[in-house]
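First the structure, in the form of structure tokens, and then the observations on it.
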Amino acid sequence: MAKRDVREPFIPERDKGLTPTIECIGLGIDFGGLTAVDDFNFTLGRTEIAGLIGPNGAGKTTVFNLLTKVYQPSRGRMLLLGKDTKGMTTAEANCAGIARTFQNIRLFKDLTVLENVLIGLHNEIRYTMFEAVFRLPRYWRAEKAARERALELLSIFNMQDMADDIAGSLPYGAQRRLEIVRALATNPTLLLLDEPAAGMNPAETAELMETIRRIRDMFKISILLIEHDMNLVMGICEGIAVLNYGRLIAKGTPEEIKSDPNVIEAYLGKKGC
Amino acid sequence: MKKNTVHIPMPIRYLINAAAIAAIYLIISALSSAGVITNYYTKILILICINIILAVSLNLVTGYLGQLPLGHAGFMAVGAYASGIFMRAVSGSMPTGLAVFLSLILAAIVAGIFGFIIGIPALRLKGDYLAIITLGFGEIIRVVLLNIDSVLGFNFTYGAASLKNIPKTTTFTLAFICVVVVCFLIHTMMKSRYGRAILSIRENEIASESCGIRTTYFKTMAFVVSAAFAGVAGSLYAGYLGILNPANFGFMKSIEILVMVVLGGMGSMIGSVVSAAVLSALPEVLRAFADYRMVAYSLLLILVMIFKPSGLMGTYDFSFTNLIGRLIGRISGKRTARKESAE
Amino acid sequence: MKRILALVLVLVLALALFGCGGKANEPSKTPGGTDQPGKPAEGGSIKIGLLGCITGEYAQYGIAVHNGAKLYINKVNAEGGVNGKQIEIVEYDDKGDGTEAVNAFTRMVDNDGITALIGSVLSGATIAVVSEAYPIGMPMISASATAAGVTYNEDTDTVFSNVFRVCFIDPFQGEKMAHFAAEVLGAKTAAVIYETGNDYAVGLKDAFVKAAQEIGISVVADEGYSKGDKDFRSQLTNIAAKNPDVIFSPNYYEDDGMIVTQARQVGVTGTFLGGDGWAKVTEYASAADLEGSYYCSAYAPGSTDAVKQFEADYAAAYNGETPNMFAALGYDAAVVLVDALKAAEAKGLTAGTDEYKAAVIEAMKNTSAVGVTSQYSFDEFNNPIKDAVIIKITDGKEVFDRMF
Amino acid sequence: MSVLSMIVSQLINGLQSGSVYALIALGYSMVYGIIMLLNFAHGDIIMVGAYIVWVTMSVLGLPPAVGIIAAVAGCTLLGVIIEKVAYTPLRKSPRLSLLITAIGVSFFLQNIAQLIIGAGSKTMPAIVSGPNLYIGSVNLSFVAIVTIVVSLISMAILTILVQKTKMGKAMRAVSEDMGTAQLMGISVNKTISFTFAIGSALAGIGAVLYSCAYPQASPTMGSMLGLKAFVAAVLGGIGSIPGAMIGGFAIGILEAFVSAVGLSVWKDGVVFAILILVLLIKPTGIMGREIKEKV
């Protein structure tokens, strides 16, 4: 198969000149001889909302797992704010600024909503083990501040009243929103959302779009999302990357993607077949 | 219910809890000096305290961290031997109080070091493998204690002949203080970012990792703390019995501790405390039950898992002050209700 | 709220059980006991404790010891007791565990008010009890605790003056068998195979090796194994390669049976020697494999009239069972103790008092009581001075060979 | 005896105990492969099998053939009953619950046996007997030959069963993906029960062979045996049939040589050390495949 050309990286006008949040150069991974993602070249602007789309099994979630260091790439490099991320663990990647949600929700189900967010704030809370077990003043101050911060974050989605509910008992949509809040609590520079609108009705989806935009504006971060709902993708994404068979086949503005023959072929099959 | 709860501010909570603990202690010591609690019952109470520490410390790893180590008795053994050898060496040359204090610290440190050495490889594995590997380590500890003397060429643990003549320094007061301290430390740790990190690993390790929590670090930490407290229990045990034999710290002992934790409810400290107390007192009370004890334990394990996997208490943690707050809330609630109806 | 209710319920239940447990589960007492613990009985009875592992892994030893002891005490009671007083037995199980033994002993002292103790059965549990009994001067006699540390604290070089035993100590048997091998069998080379985690086996083996070297037997193979092992072929193959005259296997009979069977399979031809743990070994290996083996014991079934009488009494009391060495030693422990009680009674002391206990200890120290296996007197370590019985296995039977 | 014949003798000692380990390891491996459960009670099934041999032959005085059939049938039945009573209700529960239940079952079997039959070990008459063979100065015991041959035949039959029959295909399908297998019309319950039955039947054969070599039954005999067999299964690669065989023989031979060089006391320690090393260096064992959690 001949190597495809990928167009010049697309970045919104306002982000040009700034170090991109993410720069992937020839990223690829094999699972026991099977190539899941190959030659993945991708750039994400500092305040860009971008979409990662593609047919089922195209390797979208694998890309997320590569970005969050759940998998270590077999080849290629990934730069986060210009720095190589080689050898980082998932936790280190998070500390460096990558936060994510999961396709199959992974909340801390038996804990309360507030505790879920407090765990997200883990690295923001500063006191030593000694101060914690003997309950010294710094413990009380930090815990109080963290609690306030958590409630503030929850209020983005209007969830502050649910703070003491058990996370597993929330309705599906609320669980997805909580996952986003928890990810935001880790103070990221890049937020990865894996099918945030899955299972939501059109009204909820519209609200979610609004919130995603608001989050970007509030926190000045870049957001990359995997989504099958084309209305959402076309509605909020400034740049869209299309993945097929583990390879990037297009990246551009929604308009460009809509008219890209490769994309149409990937989604609808070859014409004339 | 929630509405009726009166929130009691923190300093008062501490005072109430401290008063409650002091009251329990004073009642027991008063009964014992009045001769109602005989020497025999005091011995049982010490044993209960030791088992509570073991159960609460295992609960840290099993209940809170969600792993299943099967070598807890091994850490107890390490602590017991460290403390026993130390006490034998310093007896007479150091004030007893200081020696006992140092022996407890030493037992915790040595057991903690073993927990670290074992935790590093064991915690890279999950579930069944972790269970098996800790079981293996527990057995290795026992075999080493048994045979180390022949390797060293001098008497260190006295192997099968038992480490004898350890000063009997464990009193009820000491054991009770240790229980209170261990429970307090575990409680406060669990209510901090460290505790939340441990819980998040139990709930979902991958999500925990993605929240920036270094899971390996926190797993090892929980494991080390758990081992150290088991070492404290071992130290108390050494000072209680005065003689140590590696056979006392076999697989069976580990399972006994596990039964206490499972029955009480994995993840509930009060559950561990209550079931450790009940299960330690029961065989003494029902001596006729002795034959059936292990059969009953094993059946309990199976039945609890099938019918009530959360154990007696689930993950519920009892708060004395919340209870008081609720009671006050109820009473005042009733009053206002009465007032309203009067009006 | 439900949970709190459950919690309270459990606590109440536990306390209730704990509280009434003392009454609901009183130990078996022979004639009607007194209800006031700690106080000596008025004229009626003398309370003694009987402690041992009657359940658990080593139950067969404990049950035999207890049966033997009870046989004699019941006999004494039937004949009118000591000084007209019945002996009341307070019997507890320690499962062979030191913790349980200490708890049971403390309960005997505090709640039941015993005057003397027969027990415990295993060395480890007995040593744990000694550490409680020595400070309060409780007379104690064990039927089967063979470890040297039971009566002697090697750290402080003191003898526990209140503790006696009627069995051999471990080193004694090892020495005896080494001398037997040299003097009777004319052995020049020997091998040993023993359970390393067992203080009994290690004690016998150490003494055997030491004595063997002193008298000129060369020990050509020294093989250990762990508790629970069933496969000894590798060690025995090593022994077979050295072809020793005798093989000393100082373990418990189950392992010894397996060792002898496998030894013959891998081609070991020497004579097997063992300690008193060998009793009943004939049930665990074939007659052909065991033929010509020797072991030492404290008890020779059917050897004297006294033994025959004991066997008949025992069979009558316990459904026709044949007593073993442990039953005989249990009986003897009771004999020595009751003899000492008689001496204390003769002084007109009150059972349960410290003077009474001291008198019992004094009487045991100078005893000359005649038990079923031997007449007793104690050396400076409170160990019995008596000869060993050598048992030879012929045609699958354990036969009295000689006193040695 | 020369060094060479000594080594050969020890090798045969190792092969003999190794073949019993291998048979038991197969049971662990199959059950683990299908429901990801470390069946702690597997070792204790062997204990029950040994007691069945003891009851039929020593107590009832029946011929060895009856003892063998009764032991294999009894173990098979017991395995299926354990699965139905203790494990089936927990199939949807967390792994930790299942594991604790398995420990409970193991302890229940041990303690109930101790309660009914007593803690002391029971001896049984020889099941097979024959003359020792000599090859040069190497002594081959009849029992050793029988043990090795019977276990090899059992493993060959098992391989055919899993590779060639419909039920074997179903087993492999269920272990691959339980949900999909169910959608394909495979009865998952039946297949799991069948796996337990086969595994337990192998344990029954193992029990008979064990009783031939070591004619004693005791309540706790199964626990160490089971653990070592599990180590063998992990060493060979859990879920793999040839792996379990290789692992079993490897552990047996290793133990024989550790004992032969005078380290018999550390034998168990060495076995567990091997386990730890394998798990850390190559957690999939010699023949196993990697299974990754889907994120």
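First chain written, first letter: the chains are A, B, C and D, and each begins at residue 1.
As a working rule, a contact is a pair of C-beta atoms (placed from the backbone, for glycine too) under 8 Å apart; a residue touches a chain by one contact, two chains touch by 3 or more.
The structure presented is a predicted model; accordingly, all values stated were derived computationally and were not measured.
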Chain closest to the assembly centre - both centres taken as Cα means: B
Farthest chain relative to chain B (centres taken as mean CA coordinates): A
Distance between chain centroids, defined by C-alpha means - chain A, chain B (Å): 41
Euclidean distance of C-alpha centroids - chain A vs chain D, Å: 48
Centroid spacing, where centroids are CA-atom means, of chain C and chain D in whole angstrom: 38
Junction residues of chain A - those touching two or more other chains: 70, 102
Where chain C touches two or more other chains, by residue: 196-197, 226
Residues of chain D whose C-beta touches two or more other chains: 265, 268, 295
Chain D residues touching chain C - in the complex, by the definition given at the top: 1, 6, 9-10, 13-14, 16-17, 118-121, 123, 126, 132, 139, 141, 143, 213-216, 218, 220-221, 224, 255-257, 259-260, 262, 264-265, 267-268
Chain B to chain C touching residues, read off their complex: 1, 38-40, 43-44, 47, 88, 143, 146-147, 150, 159-162, 164-165, 168, 240-243, 245-248, 270, 274, 277-278, 281-282, 284-288, 290-291, 312-314, 316, 318, 323
Chain B to chain D touching residues, read off their complex: 62, 66, 68, 70, 121, 124-125, 127-129, 131-133, 135-137, 139-140, 143-144, 146-147, 206, 251, 255, 258, 262, 266, 291-292, 294-295, 297-302, 305-306, 309
Residues on chain C engaged by chain D in the complex (per definition of touch): 56-60, 196-197, 223-226, 228-231, 233-235, 237-238, 240-241, 254, 257-258, 261, 265-267, 283-284, 286
Footprint of chain B on chain D - complex, ascending: 32, 36-38, 86, 89-90, 93-101, 103-108, 110-112, 114-115, 223, 227, 230-231, 234, 265-266, 268-269, 272-273, 275-276, 279-280, 283, 293, 295
